[in-house]
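Shared between the two complexes below is subunit A, which has subunit B as its partner in the first and subunit C in the second.
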Partner chain A sequence: MSDIGKKKNLLALVVSPTPTVLKYVVLLAILLYVFLPLAWLLLTAVDTNPGAYLKLPDGLTFGYIWGIITSKPIKSGSGQATHPIYMTNWIVNSLVLASVSMVVVVICASLASYGLSRLQMRGKGVLMTILLLAGFMPATAKILPLFRLCRQLGILNNLPGIGVVVASGSMGMMIWIMKGFFDNIPRDLEEQAWVYGYSRIRALFKVVLPAAGPGLAVIAFLSFMRAWGAFTLPLVLIRKESLFPISIGISSVLFADPGELGLSVDYGSIAALCILYAVPSVVIFYFFRKHLMSIRLTKIEVR
Partner chain B sequence: MLGGENRVLLFCLLPALVLVIIFQFIPSVQTIWYSLTNVALLGKKALKWDFLGVGNYVRLVSDRYFWKSFSVTMRYVAVSLVFRFAIGLISALFISSKMKGRTVIALFLLLPMAIPGVMHAFVWISMIEPRAGTINRIFRWMGLPPQSWTYGRITESLIMINTWAGYVLPMLIMASALASIPKEYHEAAEIYGASAWMKYWKVIFPIIRMPLMFCMIIIVKEDMDDFTYAYMYTGEAPRADYKSELLSLYAYHKAFNYYELGYGCAVGVIIALFILVLTLAQVKAGRLAK
Partner chain C sequence: MAVVTFENMTKYFGKVGAVKGLNLSINEGEFMVLLGPSGCGKTTTMRLVAGLEKATEGTVSFNGQVVNNVPVRERNVSMVFQIGSLFPHMSVFNNIAFPLHAVRWPKGKIRTRVEEVAEQLQIEELLTRRPHELSGGQAQRVALGRGLVRKPEVLLLDEPLASVDAKLRDELRVEIRKIQEIFKCTTIYVTHDQVEAMSIADRITVMNLGELQQEGAPDDLYSKPSNLFVADFVGRPPMNLLECTYEETSGLLNFGAFTLPLPEAVRGKLSGRGELIFGVRPENLSIATEGNGKNTIKGKIYVMENLGGETIITVDAGEHQIRIRTGSDLASQIDATKDIQIAINNISKVHFFDKQTKENLVYK
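Up next is the complex of A and B:
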């Protein structure tokens, strides 16, 4: 096992802890911390005899993953009752929710942060702080007023509507991140476009936004991920099982009969479900990873 | 001319402001209003409730369980802040160094963020499982007594899960900040013969002071109203020892389990006040450190 290898490494390192060696020990520790839980997830999904602890699989099987894809009901804790799986529905619902949320964030946050970046007037700092503070009431506390509000607006059980609500929750942070990108685009660029007779809006769309492309990618990615993983809001605002996004779907399986930790839960199926849930976000992540390194926040003004 | 230009720019702000006001600001104000009443989730008091003034807050002061979950939350936030910040910073230094294989390492380090929040609690079952869980096996191997991570030490487990999922965003922000520092600063520090430690302490960190502060603000804000992991390991009613009862979970239980919506909202307002105070304190400290 990896533990033993680590032991030998550690022993050798403890004897002569030079800075370089120390660096690698720290790196190894962080990587283990990150990877050990995930290793269990990957192994459990293909183990013929899955359990709640890390081990090499007794035998390989793809039955769990196939079972989830074909929406076979999961055996719950007691091993008798079954919980239905609506894999296609869950994924489609989550995609709708996350895409709407992403589009709303990209449009609103990029416009607003452009405005804030170029605006020169008093009270700008106050405006920025208000945007950052607006989400400060904890979600659990404002969930009931929000529930009533959504019922009045008729967007309960309405995936695009809830996507907008989810988008509003991360708007402040996205504006702050996006503003960092706009601040780094020289004004000359737009001014040149104006000289060529572009209007303010046209210059924004034709010149500034393309230059801020990486920033748009970052907030698109972050907002998609947030909505894809959103839990509390959909939990309260979606009351119809056919509209559950996958996050609520998974928890409905886990909560159907959670049992004691380490006992009788169908770990293989849930691990397979989790892996399928994570695949889209990991894929998107892979394509976005370069842009993520380009977040710039050098010019934050907090008042 | 300038006025017209400003008008266009203000118009750009409108959509975002409208959304934030409708879906964030108004519900927050309503929460404050509910916290001054004894409105209930269900039953008679859901329709006919009384205005209590600060009655809920007076009750909070003498509520033993509130203080219990308050101290749990403070520990959770403080320890999470230290670890999320430290691991985020160390990882950022790694992936922005010139080390071999840093792109692969970066991909690995980014993984927890690629995985949706609901899964974190499930993925960590194998780590904190008391009998054969990975952490207890490492503990035994190192000669330490195994701990009951799912019961007595649940707070520590929640902190570990939260750190695991939460160091990535600080890492990204700090790595980008480090990458934005011009090469000349590094070169200048080397010419003047600064040690690596001095270089970071005197040159690099002051330059990226603002992103560092932004990280701290985000971390504290996120952790103060953390809910998902604690909820996944607690369920619909609080545990007997309240060790997994973060304040937001306490508010949720009060509102949705005991139906005392007004009281739950009062707890929520307290959390919001705390976030506000801590944020302002951080901003102040950041300015003093200039």
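Up next is the complex of A and C:
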């Protein structure tokens, strides 16, 4: 008995310190890997004298961030630094693009997935598989036909139009996710509504969609974020600098005047813009996290 | 309130017959229980009344009017699913008012009606709560309130107590019966639990494999089962069903290991039938203190289950196993190691079934 106890202690002495140290070393490496770029961004965006290198700020200022929000971006750095003047527009453009895309996805995906969840039909399995595969396909693969289509429809350089195009890319996946939510809403719920005098469409709005609220929130969030981060499609379909979404805008700074070392970029405002670009995802995720966690395939409890 | 009539009602799902040629009439204000094992067609029958399924053949009528082609929402039936299938995002008030919102009653009228129903169900103080804040019993009342608020033609209850624990189930059963008596609404209640059916029903319809087996008052089903299925399904512990042959010359029933004399009264009905199934309820048997071996069955106790007030004794008698229901104080005096004699208390209450047709040969 006591022997075993001793052995255990000895073992703990030999084994435990090493893994602890190791653990922290590994964690630190991962932290650096993930957060170093973010740290650079944050430090540069609030630096009174921003530059191309990672350093502690010379002084603290929110002027660059505020400048973009108030549509008066401040120029920083040397005289010839490129200074994009449309930064505020880009934010608005991104919001328009993502919102349109989100609305289209929520409306279409919820209706489509409700039908797929509730109705029996021939070839449903095949249709669902196609939707899933389409969802996994990289948007760039479809760029040629999409470009020609937009050209014909005259929606090049048209932000809401491009929002609709971007929505088509995530539609398949969102239908799948939403169908999962609908499948877990007991049929009893809407059958009761029918029995109590509601038409199918009224029952959908009064009973089913409220019960599917978390699902709607999830696909709204995911589709918004996908459009917010969309890059290839806007890059090809938008040719006017003033109409760029943030994703294209930020990159365009480097395209326009790359320089070997990227030293002639106006880092202060761009870093501030990058921070503003990253913020919505964090904020929205924070508010939606409960619902996102609820993408689990159990029955929704009805009482 | 309506008289509900089925005429030759048949429902097929593809090639599977869920309900086959059902003929049944449910009276105004009657509490009818559809009883049967899962897959017997009882739920389908109810969904046909609600209009959630369309009959393949035959008709459903309310007050003599065929409603086959009346859409669900115009039938004015109410359906209460398993306990507490309330809408989780609505308050209790809105849950009860739900059927009235459907027909767009004016607000004031809805409030008066909901409060009236809530008062009858004694749930006035719950109206502002959310469904998840209710106990099982309260949720049940609210669900019934929603069902009764617009005075339906028929109230349909689909195994409302299936997911409730045993103690609460006994309470709610009584409540449902009480509430039905207050509202005097034609009610169809579906269950697979025969105890529930027996205790709550005015009339029971037993179904199996889509076919009506027997309908009648609970007592009739119990004392005069029309076939082997009903005899076996109704009553707990189930009726003892023993295969035997009737020897007409000696007037004896031969069970292999033992014989019993056939009572005079039924001899005529059984003449010419060799192979029979003999049925006797466990409470119609008792342990004989001294048996002569002629009118009694000799056996060995296999197991004794003491249920408190009563004891179920299972006895091995030849190749048969026989259950006896007896008082626990009597059972405690029995020496389980010795052979015992089983006597039939009331020979007029035994049943004889045809081995092929499964029909009851005495009560037809």
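Here is the rule we use: the second predicted complex is superposed on the first by the 208 of 303 C-alpha atoms of A that agree within 3 Å, B and C clash if a C-alpha of one lies under 4 Å from a C-alpha of the other, contacts with A are read in each partner's own complex, and residues count from 1 in each chain.
What we mean here is this: contacts are C-beta pairs under 8 Å (C-beta built on N, C-alpha and C of every residue); 3 or more make two chains touch, one makes a residue touch a chain.
Owing to the predicted nature of the structure, the values given are computational and were not obtained by experimental measurement.
*Asks:* Please indicate which partner A:186 is in contact with in the superposed arrangement: first for subunit B, second for subunit C, both, or neither.
*Replies:* It touches subunit C, and subunit B stays clear.
*Asks:* Can A:56 be said to touch subunit B (first), subunit C (second), both, or neither?
*Replies:* neither
*Asks:* For A:27, is the partner it touches subunit B (first), subunit C (second), both, or none of the two (neither)?
*Replies:* first
*Asks:* Is A:149 contacted by the first partner subunit B, the second partner subunit C, both or neither?
*Replies:* first
*Asks:* Which partner, subunit B or subunit C, touches the larger number of subunit A residues?
*Replies:* B
*Asks:* After lining up the shared chain so the two structures overlap, which partner does A:210 touch, if you call subunit B first and subunit C second: first, second, both or neither?
*Replies:* Touch partner of A:210: subunit C, not subunit B.
*Asks:* Contact-wise, after the overlay, does A:198 reach subunit B, subunit C, both or neither (first, second, both, neither)?
*Replies:* second
*Asks:* Figure out whether A:274 sits in contact with subunit B (first) or subunit C (second), or with both, or with neither.
*Replies:* So A:274 only meets subunit B here.
*Asks:* Which residues of subunit A are in contact with subunit B in one complex and with subunit C in the other?
*Replies:* In the superposed arrangement, which is not itself an observed complex, subunit A uses residues 300, 302 for both subunit B and subunit C.
*Asks:* Quick check: in the complex, which residue numbers of subunit A touch subunit B?
*Replies:* Going through subunit A, the ones touching subunit B are 3, 7, 26-27, 30-31, 33-38, 40-41, 44, 51-54, 104, 107-109, 111-112, 114-116, 118-121, 127, 131-142, 144-146, 148-149, 164-165, 167-169, 171-173, 175-176, 200-201, 225, 228-229, 231-232, 247, 250-251, 254-255, 258, 261-262, 270, 274, 277-278, 281-282, 285-286, 289, 292-300, 302.
*Asks:* Any idea which subunit B residues touch subunit A in the complex?
*Replies:* 5-6, 8-13, 15-17, 19-28, 30-31, 34, 41, 87, 90-91, 94, 105-119, 122-127, 129-134, 137-138, 141, 150, 164, 172-173, 175-177, 179-180, 208, 210-211, 213-214, 217-218, 221, 224-225, 227-228, 232, 235, 247-249, 251-252, 255, 261, 264-265, 267-269, 271-272, 275-276, 279, 283, 286
*Asks:* Across the complex, what residues on subunit A touch subunit C?
*Replies:* Its residues touching subunit C are 186, 188-189, 191-199, 202, 207, 210-211, 213, 300-303.
*Asks:* Subunit A touches which residues of subunit C in the complex?
*Replies:* On the subunit C side, the touching residues are 50-52, 72-79, 81-82, 84-89, 98-99, 102-103, 131-132, 134, 139, 146, 150, 156.
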